[in-house]
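Below is one structure, written out as structure tokens, with a few remarks after it.
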Amino acid sequence: MWVTLQITFLTLGLGLVLALPISFGQVYGNKWIKAFIAGYEKVLRSIPELVILFLIFYGFPRIGVRFSPFVAVVLGLGFRSSAYQSQIFRGAINSVSSAQMRAARSLGMTNLKGFINVVLPQAVRIALPPWTNEFTIVLKDSSLAYALGVTELLRQGGYIIATKYEPMLIYLTVAAMYFIVTLIINRGLGSVEKRLAIPGFDVKETVR
Amino acid sequence: MSENRVVLRVENLKKSFGDKEVLKGVSFDMNEGETKVIIGPSGTGKSTLLSCINMLVTPDEGKIWLEEEEVTSAKNINRIRQEIGFVFQDFGLFNHLTALRNVMVGLTKVKKVEKEKARELAMKELKRVGLEREAKMYPAQLSGGQKQRVGIARALAMQPKIILFDEPTSALDPELIGEVLSVMKNLAESGMTMLVVTHEMGFARTVSDEIIFMEHGHIVEQSAPEEMFKNPKNPRTKEFLFKLNELYGE
Amino acid sequence: MERMWKIVVENWPKLLEGLGVTLEMTMIAVVIGFVIGVILAIARVYGNKLFYGISTAVIEVIRGTPLLVQLFILYYGLPPLGVNLSPFMAAIIGFAINSGCYQAEYLRGSIQSIADNQMKAARSLGMTKRQAILQVIMPQALRRVIPAWTNEFIYLLKYTSLAYIVGAPELMAQAKFIASRNFQFFEVYLVVAIIYLVVVLFFTKLFSMLEKKVEIPGLEWVR
């Protein structure tokens, strides 16, 4: 469990650190930067996570860099997550209408000031729900570390099964643990979302 | 015109949302061929009243009859709804269907009219609202006024006994209101029974047979337009009409 | 580069076979998942308390646990209970249920994004709830869900790579087999990566063409 959480948080952190500059580049960069980023995202989003992990695990030793499966997993999932997170941030920034920026400029703010004071506070709120989703995806994808032999939650379950043969029970327990953590993440970030919600904004009622 | 045959009877209608009482016992009749206009400040239950009449909103208390049939206790509300046309403030056109298909869909899917026959009927109604050339267009390709006329044609195609209009021009740009009102005027003159919630006083004054002034879930006053405008009895009515007058001038 | 080319030339029947299984699994699972998704979504949006409860629970549990764990439950968990599934079957069932739950959520979002007035207008014409859902809501919801659905298809295509862990003979399994003989792990996986990339790009393009084709004139979906 502990390893699973470590992978999750490190991956998410790495993804976040990479994603922020990427999303800025995508929104405000020149066309070369944009094209490069689009390619980066496209490739990382099109290749299965497992293949990325294997490429990193077997690829880096070629250029003389060796690391443990654990590091390979964090790097692989981190790169992957950066491609998804950057899309989330870019979408959020773009969805704050340009009228907001125009209004900010009309008050005499610089582009940067407008971004920080007007666009960003709104974008963060918009990005939060999909980011929560990405969080849980990373948590679940951490189970792929199994394939590289990292002893995370799923493999731990396998070891226990080897000693007492009760696969159904053990894997259901494993599933329950993932589920509970997912639930905690969703609830936690959901309450943050509520706290940040702008009154009267985006209240949508649906008739069932 | 009026033969005093009652088409719609509403009796002591009450409705609350949570602890907010929106309708506090509303009663009135509609005779065949009559046009009545409901006016009043926003939030006084006018739209809720209309939605209750065809049970899109279920009333808490009171009874509604459509001719001899009690709507409020009907087993098959869908059959009755076919006979009560409804025109929405935001048009309610089906986005994925052309104007023609919007008018046809109730005929083919609900009344089970044969497709060719339905097309014919739908074209007739589109012609009536002056949109036969727009039949193949999708809602998003039409102007607001055209959309609302399609909405009216869709209601008409079902051959309803009465049509309810829920602020049919409130979502329209001023220059588009006229085309919708003139369609409605023609309808009223052709003998359709119509109950209209609107803020268009010109329409209320010239077309309606009676004006109902509602406030806070009550009918405050109801009388012929001449009477209502010249000589409102209730001080609240007077105040409301005065405010309107100040806003829009005469 | 040359080594990669050599891998392709020497092993193309294997790779092709693996790709075939990958696509087969994806297609079957996505179709079954679609049926599951539609049912779950309608139950969750329009169902009574019971149906709402059941579909919500199923969706949340499946979405809240890793796909790999679900596969393990099907493949390792069931045999002691007397149910033996082939790796292929276990994978298909796992993928279909998993994908069904994700598709249900996309569809639910799509249904709920369709304005209330559509339902109201349909009912005002005398349509039953069922007619309104089938004639008015679903035709719009299905069009609107295509972009999200494309994503789901791509996700599933990629996640079928997990099937090799339970031993289904798809692309990853073939790659592993090839690599275990020539020890050129990196090159083999690079070839596989390129194959996935091409297939994904192909389907992305295909679906965006489909989306254009069923587009409602004049109407721009706000994404």
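Letters are used for the chains, namely A, B and C, taken in the order the chains are written, and counting of residues starts over at 1 for each.
Heads up, the rule we're going with is that a residue touches a chain if its C-beta (ideal position, glycine included) is under 8 Å from a C-beta of that chain, and two chains touch if they have at least 3 such contacts.
These numbers come from a predicted model, not from an experiment.
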Give the chain pair, either B-C or A-C, that is connected by more C-beta contacts.
A-C
So, comparing each chain's Cα centre against the centre of all protein Cα atoms, which one is closest?
C
Whole-Å distance, C-alpha centre of chain A to that of chain B, is 51
Measuring centre to centre with CA averages, how many angstrom lie between chain A and chain C?
20
Round to the nearest whole Å and give the separation of the Cα centres of chain B and chain C.
46
Going by the touch rule set out above, which residues of chain C reach two or more other chains?
120
Would you pull the chain C residues touching chain B in the complex into a rising list?
115, 117-118, 120-128, 131, 135-136, 139-140, 143, 216-220
Which residues of chain B touch chain C in the complex?
54, 56, 78-82, 84-86, 88, 90-96, 105-106, 109-111, 137-141, 154, 158
Could you please specify the touching residues of chain A with respect to chain C in the complex?
42-43, 45-52, 54-55, 58-59, 62, 136, 139-144, 146-147, 154, 157, 161, 165-168, 171-172, 174-175, 178-179, 182-183, 204-208
In the complex, chain C residues that touch chain A:
45-46, 61, 63-70, 72-73, 76-81, 112, 116, 119-120, 154, 158-159, 161-162, 164-165, 172, 185-186, 189-190, 192-193, 196-197, 200-201
